[in-house]
Amino acid sequence: MKVGVLTGGGDCPGLNAVIRAVTLALCQADARTEVLGIQRGFWGLVEDRLQPLRPTAVRDLLDEGGTVLGTHNRADPFDWQGRDASAEALATVERHGIEALVVIGGDGSLTIADRFARLGLPIVGVPKTIDNDIADNERSFGFDSAVAVVADALTRLKTTAHSHGRVMVLETMGRNAGWIALEGGLAGGADAILLPEQPFHLDALTERLQRRVAEQGHALVCVAEGATLADGAQHWQQLGGVARLGGIGQALTHELDQRLGKQGTEVRATLLGHLQRGGAPTAFDRVLSTRFGVAAAQALRERAFGHTIALQGDRCVRVPLSAVAGRQRCVPPGHELLDCAAVVCA
Amino acid sequence: MKVGVLTGGGDCPGLNAVIRAVTLALCQADARTEVLGIQRGFWGLVEDRLQPLRPTAVRDLLDEGGTVLGTHNRADPFDWQGRDASAEALATVERHGIEALVVIGGDGSLTIADRFARLGLPIVGVPKTIDNDIADNERSFGFDSAVAVVADALTRLKTTAHSHGRVMVLETMGRNAGWIALEGGLAGGADAILLPEQPFHLDALTERLQRRVAEQGHALVCVAEGATLADGAQHWQQLGGVARLGGIGQALTHELDQRLGKQGTEVRATLLGHLQRGGAPTAFDRVLSTRFGVAAAQALRERAFGHTIALQGDRCVRVPLSAVAGRQRCVPPGHELLDCAAVVCA
Amino acid sequence: MKVGVLTGGGDCPGLNAVIRAVTLALCQADARTEVLGIQRGFWGLVEDRLQPLRPTAVRDLLDEGGTVLGTHNRADPFDWQGRDASAEALATVERHGIEALVVIGGDGSLTIADRFARLGLPIVGVPKTIDNDIADNERSFGFDSAVAVVADALTRLKTTAHSHGRVMVLETMGRNAGWIALEGGLAGGADAILLPEQPFHLDALTERLQRRVAEQGHALVCVAEGATLADGAQHWQQLGGVARLGGIGQALTHELDQRLGKQGTEVRATLLGHLQRGGAPTAFDRVLSTRFGVAAAQALRERAFGHTIALQGDRCVRVPLSAVAGRQRCVPPGHELLDCAAVVCA
Amino acid sequence: MKVGVLTGGGDCPGLNAVIRAVTLALCQADARTEVLGIQRGFWGLVEDRLQPLRPTAVRDLLDEGGTVLGTHNRADPFDWQGRDASAEALATVERHGIEALVVIGGDGSLTIADRFARLGLPIVGVPKTIDNDIADNERSFGFDSAVAVVADALTRLKTTAHSHGRVMVLETMGRNAGWIALEGGLAGGADAILLPEQPFHLDALTERLQRRVAEQGHALVCVAEGATLADGAQHWQQLGGVARLGGIGQALTHELDQRLGKQGTEVRATLLGHLQRGGAPTAFDRVLSTRFGVAAAQALRERAFGHTIALQGDRCVRVPLSAVAGRQRCVPPGHELLDCAAVVCA
């Protein structure tokens, strides 16, 4: 059997561990299986760039960040520089005798995978999202690693904040879904956690931070890049203007510095950016990636095509690609973690 | 309202984070709530050693390992140096006007809690086990931290193993339940994972390690302290004899060194011991501890006494203390993680 | 004997370890010694804000980042909101019967200390600079911790850079002295290291990065915030214009992205900022801080006032405050580390 | 030019970084230079096992623990399974046209290198010792990484010790030279540091630990494997008897547990063992390894054969191999770090 594997979209810790587990599982089940890595996501499928993946070679990939196959943020065969190149992608599959494809990718890649599946290509998906926001999947690999980076950054910022009596603002990833800021903020001891799902009130925030500075000498704010103001148009524009230059973290810091500076409290911003998605996966993510990879190989052997693996209730299950494509999993109102944030940030 | 909090049994990362979350949640819900920490587990209840837990004081405990309350491995009021001292424990509760108790502890402590609950003491339990082996609870705080330590140790041992062409054996905790060795071994890239739940064959193990050394130049074994031989009495006694001196890791290393030494492969042992339970909790464990603490406070406010918090399907639920007491959660046959181990250790 | 201790200027890892060592050393030598912490640097000396430092209380400070005394970036008693408040500072000293002062601070604080020493105040200095740029001192505490953060960040960025075939630019601290970028870049495997001491040529840099992307699929740039262009006025203004908005890292990234984007290589920036000075000190810095603290206490007991501690040839020596004040230690031409950078970045 | 490179003796973090720097420096100076890696130390020289080291291949080795060349603890061509095999080693050199050799190794390997140098082989040495005990060299790569592991272990043990009111004993490497225990103990906040260079008094130790447990609720002991008793023959035999089974850490723990157990204080042992030499080098060690590698390449180009690189006063210098061979650098009486230990362990 010949199987192709590709990784699409932004990189995240654990991709290599999935590649490793898929390859080992397929080759162990049947030593004649040939696994082909497709380079740079769907780009390599259109451009016919493949490389063999051998068990001995992938074994060492467990704790390596990123993806040895490379990836591509915007490579859609159905919208290829203005035209449809899906036929070329299918031709590559045929040319190499690839019988099935494992697509490790986010919402975008899984939506493309769904389209190919509808065209008859045997595909198994593996959900990849550092934001933990793929529908029907409780926890994605890479997310724990990102949360650990956020928590570590907050812990570092705390000592500086405390020494100078400052408020420190940390901006994390999370345009629509605030999971990273929420878990990272909880793990890092933030005094305020601002999410896209819960517009915040600037006056209430200011007052809470003032109180916290008075109580403990400093305060930490963890804000998702997609967090928004609830205070109405005027403030929104004000922050929005600055945001255009440097993001919500900068804008919020500027505004809070104006407000709290009167009482002698400085406010400073830090933008984590790419640091959240690089580096070796945490132990948790290595295990989860291995589970996803083994489950994908098993789905493939059982010909459960057109499905993606998902974690539900601590078990790997299969969900139709069509059910996942185009949907996003945000923090729902009333979620347990919001209760936790309400308690520790009170 | 007056609430007592105690931590019992062996320490583990996240205990302080639970203490913090319980205290903050109780005081936030009702500012008049008084939280009293009971020192060194049930020992402090008998000996009347209490200390106040104030929100401002506990706030900083999030990432501190161990427990500020202290703990005790063998303090059972019902079996107190040969007699029943439960009345003294109850007297302490009454003397201080404690209306309810939060018991953060393992199987032993929760069993004692169950006995007190049957005597009418309003108790909410929080499961604490670094081994992840409390019944009806999918994941306990401290476990992720222990797994991270095991994975990190294996990663370190790997470079030494490879440089010298050696087999390295790492012994982890896990007398009856092998979760730490299983997840730690998966996360650390072990070539063999030996669990109490799956007696191993010495000949098959030897052969697999030989193969791995030939393939990749070294091999890593992750063995739980309670792992046992399937080879029958003779071998068992042989290993058992050495085991009496230094544990299964030493015994196994000695035996493998004899067998593999003939081909010039050295085998060396490392015993992680206490390193697995100390230190700051991982980001994951800080979040989980916070959830458990907040859930316990809520159960207490809703007077759901006689229950312990448990994680099921990524939600904190309540389970009767009596259902948990005296039971242990081992790795069940056919568990997904065993499939993973079978693949990567093949 | 009564001794005052203060920390001035920006915080850095190891300050608390120095405070601890000074206090323990003074109290051990003479149990009657009283150590008084002065809050927020020279601010607390003017404002008379002191707190006792007791051996039992400081013992736990070894691995805590920042300073428990607090610090202040711009508190100069000789230029106090437009007037000279040095008499108030001296009055505080007299009022509390302080016989000598330990000033842990950077160039600014040590210059103030020198002025007070000339006025007859018995002072011992401890050099504090995360930038490793205090004159006559080979290595300052906090620097190793900052270098470790930079190296870790580069390691994280590398996996993302490689997965996407990108160039990643990391901006570090270092306005005039490039030590952090130099050692951090060497430790993190940067392909280009840009320092204030060595103006760089944009064309040569572009060409080198192109070559590196071709060779290894990605490239990493480590640039100190004070790095400058050698290309003359035109380019300088061009970069300078953007620099006004977001610093050299942003400006350089913008320029490189324009140049390399034509060949399909994206360039992305990360600004480490405050993450470099927060958090627990590395093991190295804990030892160095302890040495500095013990050496300061000994200098104090031997009444070697008017001196600051310095590391020279792996020994703590004493240097006159006047010799250090107002001087800065930059990377000298021909330094061994520049040879190293020339080799690995070739 | 053709250059051979080998790594001998026990592995340590930074070996690969030296290999990388030597190779890059030699190839950059002259692109026609051919670097040959000799496998498993002097074993590969006798057995003629070589592999090419190319710049593009070594570039990624900076943060990889161990040595890609492999190493061997007991491969002496002059004492080769009972005979002299040095001629075979020299024949390998000649057969491949190797013009000079870089030997990265400890006292043993450098002594062999010295013998070969006297036979006319052009050799440059690089000192390798995780124990930091090579003569005339102030700091060796790998040592900082080992110290960091010890400090981290003590930090972990502290939370457990404190939660249970225990004394924890950590045994580190250091048979004759106690640098690792000394710096590791200082960095990890040990309450007692026991070195081979300073025999300790059991009664005084017991009393100090009792005092510390009374003061702070726990105590940490950091003991080098070669630490010895000053109490005379009787105690020595007693501890020595147990030591035969499990080392000084076990023996000391057993004895202290007997003594302190009477007051209800438990004592527990941890043996770090191989964990101290595995894993990625710290940032500090990556820089130092790079410096050593670049300096070795430069010495080679300048034909300064028969010398080894050494760090003195923060500069890489050259020392005759004969001056280093057979000597060991222990902690000298009156060393600054001993003063520090005396202060913080008082």
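The letters A, B, C and D name the chains in turn, as written, and every chain counts its residues from 1.
Here is the rule we go by: a contact is a pair of C-beta atoms (placed from the backbone, for glycine too) under 8 Å apart; a residue touches a chain by one contact, two chains touch by 3 or more.
Not measured: the values here are computed from a predicted model.
Engineer: Farthest from subunit B in C-alpha centre terms, which chain would that be?
Structural biologist: For subunit B, the chain whose C-alpha mean is farthest off is C.
Engineer: Would you kindly tell me how far, in whole Å, the mean C-alpha position of subunit B lies from that of subunit A?
Structural biologist: The separation of the two C-alpha centroids amounts to 30 Å.
Engineer: Could you work out how far the Cα centre of subunit B sits from that of subunit C, in whole Å?
Structural biologist: The separation of the two C-alpha centroids amounts to 41 Å.
Engineer: If you average the CA atoms of subunit A and of subunit C, how far apart do the two points sit, in angstrom?
Structural biologist: The mean C-alpha positions of subunit A and subunit C differ by 34 Å.
Engineer: Identify all positions of subunit B at which a residue touches two or more other chains, and write them in rising order.
Structural biologist: Residue numbers touching two or more other chains: 152, 155.
Engineer: Pull out all the chain pairs that touch, please.
Structural biologist: Touching chain pairs, listed by label, come out as A-B, A-C, B-D, C-D.
Engineer: Going by the contact rule set out above, which residues of subunit B touch subunit A in the complex?
Structural biologist: Those residues of subunit B that touch subunit A are 20-21, 24-25, 28, 56, 59, 62-63, 138-139, 144, 147-148, 150-152, 155, 183-184, 186-189, 215-216, 282-284, 286-287, 290-291, 294-295, 297-298, 312-316, 336-337, 339-340, 343-344, 346.
Engineer: Can you tell me which positions in subunit D touch subunit B when the two form their complex?
Structural biologist: 7, 11, 13, 15, 40, 64-67, 70-73, 149, 152-153, 155-160, 162-165, 168, 217, 245-246, 268-271, 273-275, 277-280
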